[in-house]
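Below are structures written as structure tokens.
Same chain, two partners: chain A is paired with chain B first, then with chain C.
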Partner chain A sequence: MIAVFHIFAKTLMTCIKGPHRPREILNHMYLMGIGSLPIILVATAFAGMVFTLEIAFHMDTALHTVEMIPGFTGQFVLRELGIAIPALLLVAKVGASTAAEVGTMKVTEQIDALRLLQIDPIEYLVYPRFVASIIAVASLTIISIFVTLVCAISVAVLKYNFGFLEYLNSLTQFVSDKDLLCALVKGMVFGAVIPIISCYYGFYCKAGAEGVGNATTNSVVTSTILVIVLDFLLTFAFSMIL
Partner chain B sequence: MTRAVWCEMLKIINEIGGITLFILEVLKTWKCSLSKTFPLILEQISLVGFRSLTTVLFSGFFVGAILVIQFQLMLSQYDATSLLGGLNTSATIREIGPLIISFLLAGKVGAYTAAELGTMRVTEQIDAIRCLGTNPMEYLIVPRFVAIVVCSLLLLVFGLMVGIIGSMLIASILYNINTLQYLQSVPRFTDVWSITGGIFKSFVYGIIVASVCTYKGYNTSGGAKGVGIAVTQSAIYTNLFIVFANSFTSFLLESFQRFFTALTSGGIAL
Partner chain C sequence: MKKTSNELKVGLLVTATLILVLVFAWLMGAKNPFTKNTEFFVTYNFAGGIEVGSPVRVAGIKVGRVEKINFFVPDKDYAAPDTKADKVLTPLKLKISISKEAAEGVRKDSKFYINIAGIIGERYIEVTPGTLTAPKVTSSDVLRGIDPPRIDQLISQSFDLAGKIKEVIEENEGDITKSIQLLYKLSANINKTVMQIEKSKMFQTDIAMLINNLIEITKDVKILTAKTQSEDGKKTLELLYKLLWRLEGLDKDAIKQFFQKEGIRTRLF
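Then we have the complex of A and B:
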């Protein structure tokens, strides 16, 4: 448990004093960002469609009107749905592959080899992933919010006869750039959680193929729970500001 | 970019085909002797259930709490905070509860199952089982498959209870909404249909988690690295298929409900 904070603190220290190795960071950003983009696009598109349906159903049963769809959908997508769904998907995809990669390095004694060469494994392995993941997850959050909203709007236009401009007009009344900023902050926090937790489980992985499997599973579960808990805390903090 | 999306789509379609064939193969073992598989199924249920119970309870509580804050923020703009309890309970039962619980199940149980079966495949234990005249489908796959589906339903019940209790607690602590007041608007939103819908969704997601993870684990190849790839892919594909299934089941349930209410209220308006 303390080791997690140790890894986190050391990564932050490396952020300040370097070595920064921008090429490595770009490489990881490509792997995480572009590699997860297709899956995020497909998944969030479906989520947006369902959400409009659900909100319309609830509004219809409770208030017998669907006029509140734009405001409700916009706010929920910008504050929760467009952020949580890609974060949970990325925990499964990026977190699992990072834990498996670092765990395999540990098991095959590559990390000990790094130490022998006087290279700090946290600086060398965690730091580039940390920076890359913060940038990649934050950008993917913005992209997924956009995609979710577009799909929500198209379902509302096609199924519930909203005008496109009418929808946008009522959307702007309920959603401001503050929401987008909060979404960005949430995305960055979730992006920071994923590599720290998965590298921790990778570093402390037990020997053998089973150890790697356990490390992967544990890292996915822990990051999922941590993302949910942090989401709660951040939501609460932002609810004071908004 | 379009090419990448297209390639991804083709890969997904390929996976869906493989998984469908796998499910058919699992269904073929239907007439296997129940007395042999039943103890195995019970063992797996206890393993799967206890392994994920704490995780489900913990995150169910926080999901309920998040929803309460979000809905309170939105509803206070419309001066409709009296609807908070109903809206929140209904959203938890119909949508968010099954989704989050199956995500967790995929991460915890699914990944473990894929890793276990994958290691067995790579170390040729599955071939050894076949050599001994036992059908690995009956001995390994069916118990895990049934256990994951049953556990997804059982865990749904616990998760929903904790989620609803958590949202009531947070509502009363943060927003001074009395529990009775909170529960007052629940019947307006929640009926038999919501509960049926939630259970149906959870059942479908359970089948997805079970089939994808056992399929990926059973068809692992390429040593220890192959096991890692199988685990990662099973986690991704389960989450992806769950999101797909979410939209399809929502459409399906909505149209079915409309059809059924039309049927019971007299004439069917086609």
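Then we have the complex of A and C:
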């Protein structure tokens, strides 16, 4: 636990003091952002369609009207669905690969070699991933919200005879710029969690292939739980503040 | 080449994100720094669920929103000359921002109602355009809004009323009980009487006969009235009137004289 805070604090210090390693950041942004874009687009698109169908079914059953689809869908997508799905997918994809990569470096003594070369492993391995992940997850969150909403609107227009402008007008009655701010902040926090936890499990990986495998599994499990817990805490905090 | 391509892709990703953020912010009604709005204040004692961000509509069209809600503001406008302004408090002072175009129609005598829209009851401020002769609303004006009816007050008043009714009942319990008992007895007596009438065959027959006779009489009267209204009837009535008029002066002596003239001996009366 203390080691996690140590890694986090040192990463934050590097953010202020440098070295900033823009090339490394860019490479990781490409791997995390562009590399994860297809799976996130597919997952969130279908999630949006499924959610619209579900919400319409329940509204029709309980209220005998589907008039409120835009409001409910918009709020849920902006507050949860569009944020949690990309974050959890990135935990599975990016978190696992980072833990495995850093773990392998630890097992093959590459991290020790870095120390011998007077290179701080946190500065070299964690910091670029940390910055890249924050930007990439925030970007993917916004894109996934857009894609989810577009798919939700498509289902509402095609199946429930909503007009496109009617849907948008109704949507804007229920969501505000504060919801967008919440989504961005949540995305950035989840983006910060993924590399810190993954690198921690990589740094403290036990020897051998089994050690790397365990580190990867533990990293994904811990990151997933942490994302869900932080999601609750942030939602609670935003409901109090905004 | 590959690195340039990667940079380009990352750049496109970030640019797309920024564009989407701007689009979302515009859709969600974030304040546009390039448009100038008119901001003024509306005061209420009770705002009925209005929140920061609630829409403001002029003549039914959304033209702005509630920017800020201030609580218990010292009100100079309502303070008497010899009173300190901070002793007169306005419970709610809402800062409202509407587009310049819509502000043209909002006058100082415009009414600011708090309405409810939709099935979930979204609150908004409805502004009715004022009269043309009234001055236009300007920035920082403080206008008085119309408080919506308070459901909690209505319930409270109903509760008070129910309490008073209960009090009256409790205070006059004896009288009310007696009255109810008397009413009960009366209804029981009426019931008995009706039952006796229903049981008595003779009474039933008599009533039936009476009703039948009444029906017959009514029919006759109807025919008679119809006949008197006809031309013959009118003539007959006229003749009868004349006859009665002529017979008015006829007494014992006159009749005797008449019979003597005719050579008839008779004993009258």
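Worth pointing out:
We take it that the second predicted complex is superposed on the first by the 240 of 242 C-alpha atoms of A that agree within 3 Å, B and C clash if a C-alpha of one lies under 4 Å from a C-alpha of the other, contacts with A are read in each partner's own complex, and residues count from 1 in each chain.
The rule we apply is simple: a contact is a pair of C-beta atoms (placed from the backbone, for glycine too) under 8 Å apart; a residue touches a chain by one contact, two chains touch by 3 or more.
Because the structure is a prediction, the values reported are computed rather than measured.
Touch criterion met: A:Leu37 reaches chain B and chain C at once. By the touch criterion stated above, A:Lys93 is placed in contact with chain B alone, chain C being left untouched. By the touch criterion defined above, A:Glu54 reaches chain B but does not reach chain C. In the superposition on chain A, A:Asp177 contacts chain C only, with no contact to chain B.
Of the two partner chains placed by superposition, only chain B is touched by A:Thr235; chain C is not.
Of the two partner chains placed by the overlay, chain B and chain C both lie in contact with A:Met68. By the touch criterion defined above, A:Thr224 reaches chain B but does not reach chain C. More residues of chain A lie in contact with B than with the other chain of the pair chain B and chain C. By the touch criterion defined above, A:Lys106 lies against neither chain B nor chain C after alignment on the C-alpha atoms of chain A. Shared contact residues on chain A (touching chain B in one structure, chain C in the other): 34, 37, 68, 71.
Those residues of chain A that touch chain B in the complex are listed here as 34, 37-39, 41-43, 46-47, 49-50, 53-54, 57-58, 61-62, 68, 71-72, 75-76, 79-80, 85, 88-89, 91-93, 96-97, 100-101, 104, 174, 209-210, 212-214, 216-217, 220-221, 224-225, 228-229, 231-232, 235-236, 239, 242.
Taken in their complex, chain A has these residues touching chain C: 26-27, 29-30, 33-34, 37, 63, 65, 67-68, 71, 135-136, 138-139, 142-143, 145-146, 168, 171-173, 175-180, 184. Put simply, chain C touches chain A in their complex at residues 6-7, 9-10, 13-14, 16-17, 20-21, 24-25, 27-30, 53, 55, 118-120, 122. Those residues of chain B that touch chain A in the complex are listed here as 4-5, 7-9, 12, 55, 58-59, 62-63, 65-66, 69-70, 72-74, 77-78, 83, 86-87, 90-91, 94-95, 100, 103-104, 106-108, 111-112, 115-116, 118-119, 122, 174, 188-189, 224-225, 227-228, 231-232, 235-236, 238-240, 243-244, 246-247, 250-251, 254.
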